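There are two complexes below, and they share chain A, which is joined by chain B in the first and by chain C in the second.
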Partner chain A sequence: MEEDIDTRKINNSFLRDHSYATEADIISTVEFNHTGELLATGDKGGRVVIFQREQESKNQLHRRGEYNVYSTFQSHEPEFDYLKSLEIEEKINKIRWLPQQNAAYFLLSTNDKTVKLWKVSERDKRPEGYNLKDEDGRLRDPATITTLRVPVLRPMDLMVEATPRRVFANAHTYHINSISVNSDYETYMSADDLRINLWNFEITNQSFNIVDIKPANMEELTEVITAAEFHPLHCNTFVYSSSKGTIRLCDMRASALCDRHTKFFEEPEDPSNRSFFSEIISSISDVKFSHSGRYIMTRDYLTVKVWDLNMENRPIETYQVHDYLRSKLCSLYENDCIFDKFECVWNGSDSVIMTGSYNNFFRMFDRNTKRDVTLEASRENSKPRAILKPRKVCVGGKRRKDEISVDSLDFSKKILHTAWHPSENIIAVAATNNLYIFQDKVN
Partner chain B sequence: MEVLFKLTSQMETDDREGNRMWEEDSSPKHLLDTMFARGIKRKCFDGEEDIEGTLAGFKSVPSYNLQRQSLLDMSLVKLQLCHMLVEPNLCRSVLIANTVRQIQEEMTQDGTWQVINAQNTGQASLDRLVSSDILCRSTKEQGEGKLVPSYSSFSKDFEDIQSQDIISDLSTVASVQAPRNPQSNVWEMENPQENRGNFQKSLDQIFETLENKNPNSVEDLFSDVDNSYYDLDTVLTGMMSNTKMGHCDVLESFSSQTTTNSNSNCKSDINELDHIVEILVES
Partner chain C sequence: MEAQKEAQRIMTMSVWKMYHSRMQRGGLRLHRSLQLSLVMRSARELYLSAKVETDEAELSPFPAAALAPAPNLPQPMTVAEAEDASLQVSEEAIPAPEPMETQEARENEPAPACSCLPPVRNATLSQRSMKPNRKRRSSSLGQGGEAGLVPSKKARLEEETAPTEGKTEVEAEDLERRQSQVEEGPFPSLARVLQKRFSGILSNTAGPPKPTAPPPSCELQPGCRQADHMINILVRTVVAF
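Presenting the complex of A and B:
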C-alpha cells in the first residue's frame, strides 16, 4: 500500500484563500468520471466545479498531470416550497457521471428534490464571415451586401459550456440521498428517505417507483433508506442500505415493486457493545459496490465493512475507522456529530478502501496486507509536493510526540467526501471548503 | 446535565496543544460517555452505608438512572429543535425517536418509569411534557400557560428531590419484580403497563396529531416556520458552553428563555397555516 503520496492542492487557481469558511463553499460531493480525466465537485451553494487533468507532456516526466478548473456552473438554485413554508436547499447532494459516448460530457447532479442532467461541452471554433450580420452580431443592411461568402470556422479560445439537458423534478417527497446510473446507460435511480425511483434519461415527466418503505401509518416509521446503488455490471440488480444497519439487494426482474428483497445483509449485534447508541452508530451512511461487482462496502459511524454478495449473515471484513470515539458517543450525540454521514470509496483494483474521519483525517485500509494508515488533509501540515506523514491518535494518557490525543480532535473538521481515480492512485479529499488532490509519488 | 466540551465553529486556536478546539470541563470527564459505553447498570445496594456511599459517589459519578434521564431529555430537546426553515433530516429524527422509545421501554421494564403528579389536573404530566415540548400545535389548545409551569415544575421538583430520587431508586432496585408503592415525594409511580401506554401514546401523538392536520408525512412535524427555534438553538448552544451548569439549570433556563419566544410564534405560525389553507380552499 502506498504510503508515499505526493500532495497537490487545488486552491491556487480557484478557491478563495480566506481564513474563514463561507458556508456556500462547503463541498458536499466529489466524483471522478469514468476515465479519471475529470473531477466534479458540488457545494452547498448549488454550484458544480469540474476539474480537468492536464495532459502529461513528454518534456516534464516528473510532473504528473495536474487538475485545473475546467468548468463552473450553477446547477441548483434555492427554492421555496410555499405549501409547506419550507426552503429547499440548493446544496448538491450527489454527482454521478455518465460514461462518455461522444465529445460532450454528461453528469447528473441532484439536490434534495430535483435531479438534473447536465451536458458539458467544449467550443473551440467559431464561425466567421456571416453574410447577414457582422462580427459583432449586428444585422447588416442587405443593400450593402454585394458579394456572398461562405462562413468559415476559425479557432477561438476554448470555451466550456454547461447546459441543463433534462430536469427530473417533482418525484420525491423526501430528501434525495443517492443517485446511481445503471449499467445499461439508459436508466438511473434516485433514492430518498423512503422511496427509490427509476428513471429513463429521456423521460422527465415519469418515473417508476421501485422501492417504497413508507408505512401506512407514519407513527410506525422506524427505519429509513440511507443510500442506494446499482450493480456495476448487472442492470437488474441494486442495493440499498438503511438506518438500522441493514443492506437489501433487489432484483428488478422479480417484480415491479422491489419491496421484497432478494438478499438481506445484516450482522448480528454484539451484545457486549450494546448501548443506547447502538442503533445510531449502526446506521449505514454509504454503500458502494466494488468495481468487480462481487463485494459491497458499507460505512457506519465507527467502521467500514466489506460484504461478499454471497454471504448475508456477516461481513467478510470489518475495519475500525476511529474506535477511540466509542467512549465518546454521548458527547457526539449531544453535538450531533454522531449523525455525520461519512462516505467510503474503493480504489480501482478494489484492493484498498478509503474513508474520512474528524480533524481532517482520512483513513486507508489495504485489504490484502491488512495495513492501514491515517493521513491528514490540511494546509498547515503539508507543503505542496511533500509526502504526507502518517498520523496517529492516542487514547491513553501517554501521548507520544506527533500524536494527537482524542480530546484535541477538531470535530468541526470532518472529511465526509472522498473520491478515488478509477485506475490510478490519485485521490480527491474534500475538507470543508477545500479540495485536496493527492497523487502517488513518482519514482 | 454534564457538559463536556463545546463545539466552536470559528478558527480559534489554543496554544496549548496543537489545534485544540475544545474546552473541557475540568470536573469528571466524559462520565456520560464512560457510563454509557460500559452500559453500567444500577448497583444493588443493601445497607445504609451503601446509600451514603452512593450519595457521596453521586457527587462524582452520576447514577445510571440520571444518565438515562439526561439522555431522554436531550433526545426530546433534539426532536423539538427540528423546527427550522429547512425540512429537517428525517433519518436523524427517526434515529432520535427510536432512541427515545428504547429508553422508554427499558425504563418501563425496570419499573422506574415515573410520572409527575399532574397537580390536580388528573392528566399524566409526562404526556404533557412530551407533547407540549414537541407539538407546538397541540399546546395551543391547551394554552401556553401550561407549558411553562409543567416544565419548570418538572425541573424544580427534580432538583428538590435529587437525593430522594436516589433513595427511591434504591428501594426500587431492591424489589425489582413487584410493583412499587408510591414514594413520599413528588414522583408518582404508576403501573408499568400504563406507563408504557401513556408514553407510547405521547410519542405517537407526535406523529398522529400532525397526521391529522397534514396527512402527508412525518416531515410535516417540522413544517412550521418558527424563527424562535433559531433562538432556541442559540440558547442551547449558549447553555452548552457554560460548563458549570447542571442538568436542571439547563432545563430551567431553557424553559424560561423559550416562554416569550416560542409561544407567540407558534400561535402566529398556526394562524399563518390556516391562512394559507384558506387561500387554497377558496381558490
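Presenting the complex of A and C:
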C-alpha cells in the first residue's frame, strides 16, 4: 500500500497527541458507498462525516483520487429515556448506504435506539429574480412591481446539504447493533440484542418483528444477537450471529417470524482451549456476507472464520488474528479489552479479508495464497506515498529488531472499524479518532 | 489454592464491572452483563470445585460414606474456616439462600463433602441484607431437595448509611458511600443489595463472610453454597433487567 492520506476531524486539528483527543471524535463506524466514491464515518459524538473521492484529473497524475471532506452533519443527539431514567448515547453504531438512484445520496445511520435516513444532496444553482421578494428574501411592496419576470437559475458555490428524510424510532427495547439494507432496496432490518425488525423505507411508524429470541423468563437468557446482515442477492435471506459463536441463516419466506432458522452454523468447541473466558471470546462481533453471497465471514475475539453457506458444521477457513493474546485473556478481561468488538471486511473480489487488532495494527489475509500481513496505521509510520512496512509481533523468545513484543502492545490503540472499497484496493482504517486511507501502489 | 484465589479475584472483578457498568452512559448493556455473568459463573464453579477439593483433603481421615452429598442436612457449614480464622463479620450475614433460579439450585445439590462437621460459628447477626425487589417463588421448586431452599419471609432491617457524594476507587468501604448515587438509579434496592452483599466479598480476600446460625425453618445448604447463591442472585438480577 503506497499513498496514504491522514484525515483528522476538524475539532481536534490542533491536537497533536491521541491521548488528548476528545471522546466525541472517536470514530465508531466506517463505510464506503456502493461505487466507492463516498466514504462515510460516524463518531461517538453523533456526527457523520462524508468524504468524496476527487475526480482524477490529467493534471495530477500522482494524486489518484484523494478523499476530501464532502459533508459533515450531526446525525444523532443525546436523548433521555424518561421512563427508564437512562441516557441514550448519540454514538453512531452503524452507517449503511443505499444505492444511488438519483442525484442525491441516501444513507442510514443508527445509534442505540433510532435509525435515520439521511439525504445528502448538492446544490450548485440558486434561483434569482423572484417577483414578490428581493434577493435578500424580503417581501417587495406590491405597488413597486411593474413588470413580471421569470426567475432563472444561476450558479452558486457548491453547497452540500444533509436532511433527515425518515426517522425510525421507538422500535427497539435493547441497543441496536446492526442495520442492513435489503437487496430489494425497499426494506431494511435493524437488530438489537434480542430482536430484529424489518422496516420499509417509506413507513416510519411501523416495523415487523422477524426475529425474537427474548426468553419468557429473562433469567434464562443465555445468548444475544450480536450482528445481522441481509444476503447481498437474495432478498428473502439474512443471517444473524450470536454471543455463543453461532450463526443462523433465516428465510423470510418460511414464516413471518423467523425464530426457527433455516441453517445453523456452529463449530464444535476445542476442549483444549477451554478457560474462564472461552464463552466471551467465542462471541461473534461481526458477520459479513461475501460479495458473491456464497460465503459468510465472522469475527470473534481471536479469529476470523469463513463459512460456506452449504456447510454448517464448521468453517472452511479459520485465520488467527492475534493468537498471542490467548494467554493474556485475564489481563484483557481486567482492562476490558476482551469486550472489544472488532469488525471484518471483504475486498471487492472476496479474495482478501481484513480485520483490526491492537497497537493500531490491522491484518489482511489472502484466501488464495494463504499469506497474511500485519500493517500499522500510525502517523509516524505513514508519510505520504510511503509504503507500509509489514509488522510482526514477537511471541516469545528472542525478539528481532523490527518486531514488537506482546507486552509492548498498546491496547488503547485498537482498530475496530475498517472498510474496503467495493472494486479497488483502497482501504479506510479508523484508529481511534483518526481515519487512515491507504491505496494500492501506482506505478 | 492458586486456582481458588484466581477464581475469587475474577469473581470480585466481575462483580465490580457489573456494578460499574450500571453507571455508564447509555445504561446497562445486555450483552456485556451477560458476558460478565458468564465469567462470574465459570469463576464461581472453579472456586467451589477447588473448595471441595480443599475440604476433601482436610477431611480425609473420615470415612468416605460420610462424604456423600446430602443436601437436606440441616447443619450449616462455615466457609473457609480452615483457611482463614480472622474473617471479619462486620458485614451482615448472608441469609438463607433465596433461589432465583431452579437450575442453579439443582446444580448445587451435590453438596460438597463438608458434611462432617466443624462446629457452627455463631456469627453476630448485625442486619439482614436487603433482598432484591422480587417476589418470585418459583413454582417449579417442587422437588424435595429444593424445598428446603425456599426461605420463610424475614423482617428486613436496613442500616442507614450516611450518603456521601463523590466517586471513589474500588474499596469496600467506599461502596457504601455510593448509596446516594445508586438510589437515583432505576433499581435502587438492587443497587443496595449489590452494595451490601459485596462489600463483604471485597473486604475479605480469603473467602465470603460466614453465615449465621440457620433459622430453624430452613434447611440449609452448606455455607459455601450460600455465597454461591448470593452470587446467583446477583447474577440473575443483573442480567434480567
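Brief remarks on what is shown
The definition used in the following text is that the second predicted complex is superposed on the first by the 424 of 443 C-alpha atoms of A that agree within 3 Å, B and C clash if a C-alpha of one lies under 4 Å from a C-alpha of the other, contacts with A are read in each partner's own complex, and residues count from 1 in each chain.
Note that a contact is a pair of C-beta atoms (placed from the backbone, for glycine too) under 8 Å apart; a residue touches a chain by one contact, two chains touch by 3 or more.
Since this is a predicted model, take the numbers as computed values, not measurements.
After superposition onto chain A, the partners chain B and chain C occupy overlapping space and clash.
Look at A:Ser408: by the touch rule set out above, it reaches chain B but stays clear of chain C. Look at A:Leu329: by the touch rule set out above, it reaches chain B but stays clear of chain C. Touch counts on chain A: comparing chain C and chain B, the chain ahead is B. By the document's definition of touching, neither partner reaches A:Lys119: not chain B, not chain C.
Contacts of A:Val224 after superposition: both chain B and chain C are touched. In the superposition on chain A, contact of A:Arg379 is made with neither chain B nor chain C. Overlaying the two complexes on chain A leaves one chain B stretch of 2-10, 20-28, 38-46 or 200-208 clashing with chain C, which is 200-208. Residue overlap on chain A between its contacts with chain B in one complex and with chain C in the other: 84-89, 112, 174-175, 193-194, 217-219, 221-224, 226, 243, 276-277, 279-280, 283, 330, 333-334, 336, 339.
By the touch rule above, chain A contacts chain C in their complex via residues 81, 84-89, 91, 112, 174-175, 193-194, 217-219, 221-224, 226, 243, 276-277, 279-280, 283, 330, 333-334, 336, 339. Per the touch definition, chain C reaches chain A in the complex via residues 6-7, 10, 13, 17, 25-27, 29-32, 34-35, 38-39, 42-43, 46, 100-101, 184-186, 236, 239-241. Residues 4-5, 7-11, 17-22, 24, 30, 32-34, 36-37, 39, 68, 71, 74, 78, 85-87, 89-92, 94-95, 97-99, 102-103, 203-204, 207-208, 211, 216-220, 222-225, 240, 272-273, 276 of chain B are the ones that touch chain A when the two sit in their complex. For chain A in complex with chain B, the residues that touch the partner chain are 19-20, 82-89, 112, 173-175, 193-194, 214, 217-219, 221-224, 226, 243, 274-277, 279-280, 283, 326-331, 333-336, 339, 359, 380, 404-405, 407-412.
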